[in-house]
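Both complexes below contain chain A, partnered by chain B and then by chain C.
Right, the complex of A and B next:
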């Protein structure tokens, strides 16, 4: 297998993966979405809320605010040694908020959450959580824990984790009349005209829609769009909770763990 | 009511970009250009910001009015 990084920044990762197959790619994708844990607020104790938003709505907004996650320092509550309903310092982080408005209406941001662990803080401190009019107050205690995307979307570490086949575009120059119809119709602007000749400008952007093949007036079409059977482009967009490369690393670890477990159970079963 | 924290469809965090969008749209900038520069690419996320109305501001006006009256009453 050959992996090449096409694009990378703190939240985005685009990989070209060659000599792989669909079952593996799909397993990794599904694990990244549903099984890789991340930190999110799960329970909120409202001490005082005189804002115009209901307790539930504030709790929901707090839950959806992505938190920076420390996977090595915390356990999943169901796997933690404490086995306690309330959690311990290894499986729970307490965040508090005490906001009021003394002068006019103001917006309360996620940056006002005070965490007991300075590592576990909201990804962005500019998320508007609610607005308080003069004299209104909000005081709460929130408990964040690790969880999985299959239980609630707030625990999904990725907003996008998708793969597509690696495109292969062939221009049959002897049949092509350079009418540029294929260039105009392409929604991703993959093709371009250069010195009155059609050329492939951005191959990786192609989403195999085949509009260019249909638009070609030649019969048979002078443009051929195919895909590599064993090459993929994978796109991972992190919510900010974990770096994207860590998410895919965790996904491979989880897949490995599940297969080992399967193997063990199979051995026990067929003995 | 108030800008959602995440995109309903894909789950991308979009709440933190609302205020900049609202500020820049008031200066007459083109909405599409602002969304591009904020890094909001997909149309599911773009509609979250594009179609948001901060109804909470309308409701808060009643509380601001009530507060003003209370203060006025305390003055006399």
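Right, the complex of A and C next:
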């Protein structure tokens, strides 16, 4: 297998993966979405809420606010030694909020949440949570914990985790009349005209829609779009909870653990 | 929690039907495809009877005398090797 990093920044990772297969890519994608844990607010104790939003509505919005996650410092509550329904300092983080409006109507943002652990804070402090009119108050205590996307989307560490086949574009220059119809129709601007000749500008952007093949007036078409059967481009966009490379690394760890457990179970269970 | 649990639903000389508690489409699809790469396997499939209320069921039928559980172990081994290769290559790529 060959892997190459195409793009990487704080929240995005784009990989080119060669000599892999669909089931592996799919398993990793599904695990990144549904089984890599991340931190999210799960329980809220309302102390005072005189805003127009119901307690449940606010709790829901708090839950969906992405939090920076520390996977090494915290346990999943179901795996934590404490086994307490209230959690302990290793499986729960308390965040508090005490907001009011003294003059006019104002918006309360995620940045007003105060965490007991300065590492576990909202990814962005600019998530609008609700509006308070003059004299209204909101005071609450929220408990965040690790969880998995399969139980609730708020625990998904990724906003996007997808793969596509590695594209292969062939321009048959003898047949091509350089009419540029394929260049104009491509929604991803994969093709371009250079010195009155069609050329591939950005191969990796191709989403294999085949519009260029259909748009070509030549019969048969002067442009051929195919894909490599064992090469993929994987895109991971983190919600900000974890670095994208950590998410995919965790996914491989989880898959390995599952396969190991499966083998062990088969060896003892099926005789 | 999170531990996989295998329950045998049906076991014949050349057939095996198991329920895998804690697994999902990702793992089952991977195992099925790896089983089908094994020439001794006649038929391999899986089903999730209900997305929330039940665990996936994997079914394997063998062509000859080979044991279906051995084919499953081999499939899991193969999938693990590939996953390990992925994680090693990823580490290398991220360092570069």
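In this text, the second predicted complex is superposed on the first by the 270 of 271 C-alpha atoms of A that agree within 3 Å, B and C clash if a C-alpha of one lies under 4 Å from a C-alpha of the other, contacts with A are read in each partner's own complex, and residues count from 1 in each chain.
To be clear about the criterion, a residue touches a chain if its C-beta (ideal position, glycine included) is under 8 Å from a C-beta of that chain, and two chains touch if they have at least 3 such contacts.
Worth saying up front: this structure is predicted, and the values here are computed from it rather than measured.
**Student:** Touching A:230 in the superposition: chain B (first), chain C (second), both, neither?
**Tutor:** neither
**Student:** Should A:141 be classified as contacting the first partner (chain B), the second (chain C), both, or neither?
**Tutor:** In the superposition, A:141 contacts neither chain B nor chain C.
**Student:** Who wins on chain A residues touched, chain B or chain C?
**Tutor:** C
**Student:** Which holds for A:127: it touches chain B only (first), chain C only (second), both, or neither?
**Tutor:** First partner only.
**Student:** In the overlay, answer first, second, both or neither for which of chain B and chain C A:70 touches.
**Tutor:** In the superposed model, A:70 contacts neither chain B nor chain C.
**Student:** Would you sort A:43 into first (chain B), second (chain C), both or neither based on which partner it touches?
**Tutor:** Neither chain B nor chain C is touched by A:43.
**Student:** Considering only the touch criterion stated at the top, classify A:156 as touching first (chain B), second (chain C), both, or neither.
**Tutor:** After superposition on chain A, A:156 lies in contact with chain B alone.
**Student:** Looking at A:259, would you say it contacts chain B, chain C, both, or neither? Reply first, second, both or neither.
**Tutor:** After superposition on chain A, A:259 lies in contact with chain C alone.
**Student:** So in the complex, which bits of chain B are touching chain A?
**Tutor:** 1-7, 10-13, 15-16, 18-19, 42, 56-57, 59-60, 63-64, 67
**Student:** Chain C touches which residues of chain A in the complex?
**Tutor:** So the residues of chain A in touch with chain C come to 1-5, 8, 15, 17, 20-24, 26-31, 34-35, 76, 78-79, 150, 245, 248-249, 252-253, 255-256, 258-263, 265-267, 269-270.
**Student:** Contact residues on chain A for chain B in the complex?
**Tutor:** 52-53, 57, 61, 64-66, 104-105, 107, 110, 123-124, 126-131, 133-136, 153, 156, 158-160, 237, 239-240
**Student:** Once bound in the complex, which stretches of chain C touch chain A?
**Tutor:** Residue positions touching the partner: 1-8, 11, 16, 18, 20, 22-27, 29-34, 69, 72-73, 76-77, 79-80, 82-87, 89-94, 96.
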